[in-house]
Amino acid sequence: MEANTQTAGQIILTGARTLLRGAGQVMFQNSAITGLFFLAGIFWGSYECHVPEVAWGAVVGLAASTLAGYMVGLPDKDGADGLWGFNGILVGCAFPTFLANTWLMWISLIFFAMATTWVRQGFNNVIAPYKTNSYTFPFVFLTWVFLLAARMLGSIDPSAMGEPELVQTAASAYHLDTSFPSLIVYWLKGVSQVFLVNSWVTGILFLVGLALCSRWAAFYAALASAISLALAILYKADPSDIASGLYGFSPVLTGIALGCTFFAVNWKTCLWAIAGIAATFFVQVAMDVLMEPWGIATLTGPFCVATWLFVLPQFKFSAGQD
Amino acid sequence: MEANTQTAGQIILTGARTLLRGAGQVMFQNSAITGLFFLAGIFWGSYECHVPEVAWGAVVGLAASTLAGYMVGLPDKDGADGLWGFNGILVGCAFPTFLANTWLMWISLIFFAMATTWVRQGFNNVIAPYKTNSYTFPFVFLTWVFLLAARMLGSIDPSAMGEPELVQTAASAYHLDTSFPSLIVYWLKGVSQVFLVNSWVTGILFLVGLALCSRWAAFYAALASAISLALAILYKADPSDIASGLYGFSPVLTGIALGCTFFAVNWKTCLWAIAGIAATFFVQVAMDVLMEPWGIATLTGPFCVATWLFVLPQFKFSAGQD
Amino acid sequence: MEANTQTAGQIILTGARTLLRGAGQVMFQNSAITGLFFLAGIFWGSYECHVPEVAWGAVVGLAASTLAGYMVGLPDKDGADGLWGFNGILVGCAFPTFLANTWLMWISLIFFAMATTWVRQGFNNVIAPYKTNSYTFPFVFLTWVFLLAARMLGSIDPSAMGEPELVQTAASAYHLDTSFPSLIVYWLKGVSQVFLVNSWVTGILFLVGLALCSRWAAFYAALASAISLALAILYKADPSDIASGLYGFSPVLTGIALGCTFFAVNWKTCLWAIAGIAATFFVQVAMDVLMEPWGIATLTGPFCVATWLFVLPQFKFSAGQD
């Protein structure tokens, strides 16, 4: 940490910035102020929904995964850019969302949050030759492992998860409130669900936080949530999932990734991002179906899969070129 | 397209050749005449089975995926060799086979057929270091995504798909008509099912089309369908699937791939291809079981998996050696 | 084989050493004497459990996979080091454990054991750029293929496998005998299950065989079985699986791999190995749940997955550093 000559105050400030950037990096923003808005959104939403343990889980997961980076001697620069924290904060949101609040859950949360930082290094090594990285997949993979295991571990209570069942073809009776105010709420919740939060206020805080670092990121997040909402209504996806914003969060991440992170902003990139956002919607529904026999959530898996599909071709979209 | 100085007639001819080669490449044949026989077989079979939408789906999928290659500026040479069309034509056969004939199904078919060409570039980038390519996996992967999603999308009707269920161990009562004429029909249908067509006449058209470009390809297709049929009878695989040729189509592709496409033709290669054909049969049955909880088809997934298994070791089988 | 000038006796000795090393390599020991103890343990345990076909399957699988290496002309050095045999011997243990004793099962066992040696070459090619190898995954993958297929093949009887079912959350009534002698038995069976053997005597034979080649390997095997047993009790994993040692065998392999095979022995490595052993336990439970809809075993899959997770980051743990 090269902290030898720093004062205690400097160390605390540096640590806080590192942690907040970890929160910001969930949506690709290397910015402490953005991370602060994200954390504020998480606290607001989890207290509003009476699950404060989700917010505290986020803080614990963020700290544990960041510490894990220092423990194995990874390059400090990565830590300072928040690259150790973004998987851990998501583990911290997910565990208390799906599992009962016991001390063994918290021990497990800390171990799995730390493991994301280590595992990420391996995943990145595998993907590096293809000029991209593992995104939030370390969080997704390790959380899947623990949620699956929780089904058979008597000391972990997964009663907040869905029931395992065979897929049922969509029912014929279909009702969704499509009044304009409701649509706005679904659209904002599509953004808030990136951190597993079900609150339109949180959606606004996230969009503001994004805009403070990158207006394009805020634009693509808003666009992606809108497109996926429109597709969900057109294709008649599950109405209660639509109302909770569950078709929006993965497309939001894909939109930011393709629209203004891995490609330069221009109109060709925009068309490509729109195609990727649509693909993410279908991958989301497919993975929802795929996971029904175990009753576990897709997390941000659909974002990872769809974004890889659209980044791996390594197309160059330069504005000048035909 | 460098078409500036071409006459309209030349453009049409070039376009037709590109499309037909796309059909031919499904079985690794860079030949418009072979593709013509394949298309003829598809039309015959789908009209015979009263599903003409499958044939028209093939044409639409072929055109959409080929156009998609031009849209992103991929090398024209690939297009001219039919490498953009072969995944798209299979998407075009599969969607109307498993999903009801609605306008939204057609919109989706076009988007997913186009996506195969883009996604293929990414898959090929991933596999290129291992000196092979993604075969028909872009079709397989993207069609799985949409068929899975269709289970939960109210606007898409998957009633032509099987029911999701837990695997049941094979019943003890077993009946299969093994008269010689029936065996010939099963054997030919094993070839026709490469394009999801259930017709022995189509099987003949496909074999003739292959022989016009490569006699070895026709030989290995015929051999592979026969071997997998024999194995299916020996191991008592599902009798109705045997009668529909459903154990044949993936081994047919593996046979052509290993016997005369990725290895030089000689007797060592022949033994290797036979081992690969047998492996494909087992992978086919395993994947049938794997997918029962969702009731979706394996498509040509078993061919891709088994052929990778036998190509990735990068053995050299030269006739002179040892 | 460069055997031209060898006497018959020499050839037999060389062959025996090659085969025994193949047995030893299952736990990373390039030692014929270790392999001899492993084979002795397999014979003892399978006769004790009245499944002698498991022991003979091990011998047949070992021989078939080793011959398969010579057949395709792989480098003799690999064969002499036992690298062709360790997947085949596991196929030979697994097939008679899960499938009824028929001639078609034996034919299939020989073909699949041979295929492990070929497929391993391909898997290793894929993983080589990441500086590790495929471990026992060729055995795991190919055995999964055949066990899945067996569900639908009338000629293969999978009645010794579990029933396919949807996951059920752990029952509230929980009983496990945790007297000290019982714990010792579970702990030793955790080691014996590496070769699918359910016998504490075999566990001792395996530990002795390990110690004769590497005391650290024996130490880490013992440590790993103990840690995973403690975690299984703490997290209340399935009591009958605990009593059969089924949470121990994958961590045992991870422990040897991380503790003294892929990293130099020191205290940092020891902490890393402990983290990897714990991760293997959770991956084991998760994969148990994942496979319930098909009722097939995880085999050593959890070891492969967890060890890759902890090797791929390519951390260097040197005792002197930091």
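In this document, chain identifiers A, B and C correspond to the written order of the chains, with residue numbering beginning at 1 in each.
The rule we apply is simple: contacts are C-beta pairs under 8 Å (C-beta built on N, C-alpha and C of every residue); 3 or more make two chains touch, one makes a residue touch a chain.
Keep in mind it's a predicted model, so treat the numbers as computed, not measured.
K.L.:
Treating touching as the only link between chains, describe the layout with one word: line, ring, star, complete or other.
P.N.:
Shape = complete; every chain linked to every other.
K.L.:
Between chain A and chain C, two copies of one chain sequence, what rotation angle (nearest 5 degrees) aligns their Cα atoms?
P.N.:
120
K.L.:
Would you mind working out whether chain A and chain B touch using mostly the same residue numbers, over half shared, or mostly different ones?
P.N.:
Chain A vs chain B: different; shared/all numbers falls short of half.
K.L.:
Please tell me the distance, in whole Å, between the geometric centres of chain A and chain B computed from their C-alpha atoms.
P.N.:
36
K.L.:
Touching at least two other chains at once: which residues of chain B meet that condition?
P.N.:
Within chain B, the residues that touch at least two other chains are 129, 166, 293.
K.L.:
Considering the complex alone, what residue numbers of chain A touch chain B?
P.N.:
The contact residues of chain A facing chain B are 129-130, 166-172, 174, 234-238, 275, 278-279, 282-283, 285-290, 293, 308-315, 321-322.
K.L.:
Okay, in this complex, where on chain B does chain A touch?
P.N.:
72-73, 104, 111, 115, 118-119, 121-123, 125-126, 129, 144-146, 148-149, 151-156, 158-159, 164-166, 293-295
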